[in-house]
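Pasting the structures here.
In what follows, chain A forms one complex with chain B and a second complex with chain C.
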Partner chain A sequence: MGIPFMPVRGILGSDYFQVQPHFKNITCPFSGRELVAVKAINPDFTVIHAFQADTRGNLLIERHSDVDLALQAAKVSIATVEEIVEPEELVETAGRRRLSWLNVHYIVQAPGGARPTACPGYYQPDAVELKRYLEAAHDPESFRAYLDQTWPPAAA
Partner chain B sequence: MSKPAAALACSLDELMITALAREVRDDTYSAVGTLSPLPAAGCLLASLTSAPQVKMIMLGDPEAPLDRGSSQLFDMAQRGLIDLFFLSFVQMDAEANLNLIALGQHDRPKVRFPGGAGSSMLYHMVSRVVLFKTSHTVRDFVPRVDFVTCSGYHAPLDSWQRPGGPSKVVTPLAVLRVEREPPRIVLESVHPGVTPEQVQENTGFALDIPARTPQTPPPSVQELEMLRSQVLPRLARIYPAYAQRWRERLEDPRA
Partner chain C sequence: MPEPASNPGPAFVSLEEAAALITNEAEVALGGRMQMEPIALERVLARQGRRGLRLVTVPGGGLGVDLLIGAGCVATVESPQIVLNEFGQAPNFRREVQAGAVRVLDQV
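This part shows the complex of A and B:
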């Protein structure tokens, strides 16, 4: 949207104000009432995973999702997708909605890109792999080893 | 699934679901967040019994009346439209503050949790926040939370910034009621087989305990039958793993 913050009601009294420099108390210039200004997040990159993209760059995403906000906020937005289809094959369903290419800069064909979490209609969450990930993520060293094992570094 | 309360025809979860269902008012917007099978089941039960016109917004439900994600719920809450939201927590304290962030110091946590998401806003803007917790110990109910994610009594009621707030807490031992005037947390009812003393022993701050504490009303025969035959299959679409454990317990109550 290009606005620097969003005014929000509520939150007052929370310790967020001690640790979160993105929350500030402000006064509404119209009503004089108290509000909390929550600073905009403008990521350099947003990466999301979608079901499909068509050859024009439109996406099919999970309906109950706000990823369009994250795509719109980023300087560069990237969508990985299970498959790329022709425009007439990109069809909305009860659980999936179409998103225009307007805020999508790059599309990467990456089947399985949401693993080990789920991609409804394509694959279930992988509980064994998630457990392995959680254990590895306890410290940087074991996590590095996990990454190297899962995606072996390319030969120089 | 938790063990059944002593001498009760229903399981403890079924008792808690029923207690949560009794908080749902007809013809209101009532919302359930993610990872909340007990209130989701409670909302479904209420929609089949006392609140047939309730407008349920259950995050994670494929049939939720949403075109987008939780942003729609947050926008409605900002407008003051949500009557009821169910929320859980890591710690709750004597001032009705909630911690959903971390145990220990914020910058050097012993345990870090996923976080508050919109809860610190919802805790102010939803008319009634009904809390639920699947354990009730002095580690859950503490004198002072390690981090105030959601502010309790410290943020006063005010039609603009704080039209709503916490109202009840449903736990495996009891139902607590959060009161403002004067600020106190009252033991509203104890579950069958639980004494007020046991609830106090497992709570890290002083509860207001009335001279006679009633028992939490268990589900009626009809409610229990509805829970198992209609709520369970519907819940399975949102929480398949939880519904599976519920089914297994019905087949083998000792499981």
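This part shows the complex of A and C:
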């Protein structure tokens, strides 16, 4: 939309203003009433995982998702995808929506790129790996060891 | 402003090349929660030793936020909720926020 903030009313009178510098009190120029301005988020980068890209750079993303807005709002947008297909093979389904290449800057072919989280139609969440993660993550040292053990440094 | 016909479209790059674009202290929005999270790229970011990232979740965050915090990559998280769904709370997120090492910018 290209506008710097949205006016909101529901959080007036809350303690959000003490912890959230992106909410500011403003006065409505029409009624004079108090409102809240919520600052627009324009991230330096947006990173998402999509099902497919075609060779032109169009994406197949989750249908019920706002990641298209995040891609549009970002200065640089990056999508990892399960597979790259020919343009005529990029097919929408009940759960998958086509997104134009216009707001996509970089595409990475990364099969299994969402593991151990799920990629519907490709794989379920990996419960065994997630439980290993949870056990390791309760302590900083064991989590460091888990990171080193499961994801060794990349070859130079 | 380039003409549409002259826009070459997205570039196809490797995980390492894409992660290397993201600079220390950048504001980074992440898609997905416990499904469709860009974990592979986040693993590479962690391995490359990125620091001071300001994360934004779209809409809520899960494993990737917790992983990047556990790897020491994160300064702030702007989000309504970080949770691993049926797998429970996000341990690195909870610990580092309680310790004051990561700041939360709570979104409604």
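In the analysis below, the second predicted complex is superposed on the first by the 149 of 156 C-alpha atoms of A that agree within 3 Å, B and C clash if a C-alpha of one lies under 4 Å from a C-alpha of the other, contacts with A are read in each partner's own complex, and residues count from 1 in each chain.
Criterion: contacts are C-beta pairs under 8 Å (C-beta built on N, C-alpha and C of every residue); 3 or more make two chains touch, one makes a residue touch a chain.
Note that the coordinates shown come from a computational prediction; the quantities given were computed from them, not determined experimentally.
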Touching partner for A:133 - first (chain B), second (chain C), both, neither: second
Touched partner set for A:125, first chain B, second chain C, both or neither: second
Chain B versus chain C as contact partner of A:19, first or second or both or neither: both
When both partners are placed on the shared chain, which of chain B and chain C touches more of chain A: C
Chain B versus chain C as contact partner of A:149, first or second or both or neither: neither
First, second, both or neither for A:44, with chain B first and chain C second: second
Contacts of A:93 with chain B and chain C, given as first, second, both or neither: neither
Which superposed partner A:64 touches (first chain B, second chain C, both, neither): first
Which superposed partner A:27 touches (first chain B, second chain C, both, neither): neither
Touching partner for A:115 - first (chain B), second (chain C), both, neither: second
Chain C-contacting residues of chain A that also contact chain B: 8, 10-11, 16, 19, 65-67, 69
Complex contact set, residues of chain B against chain A: 59-60, 62, 64, 66-71, 77-78, 106-107, 116, 120-125, 147-152, 154-155, 160-162
Touching residues (chain side chain A, partner chain B) in the complex: 8-16, 18-19, 33-34, 63-69, 94-95, 97
Complex interface listing, chain C residues touching chain A: 9-18, 21-23, 26-44, 46-47, 56, 58-59, 62-64, 66-67, 70-71, 78, 84, 87-88, 90-92, 95, 104-108
Touching residues on chain A, where the partner in the complex is chain C: 8, 10-11, 16, 19-22, 41, 43-50, 53, 56-57, 62, 65-67, 69-70, 73-74, 76, 78-80, 84, 101, 104-110, 112-120, 125, 127, 130-131, 133-134, 137-138, 140, 143, 147, 151, 153-154
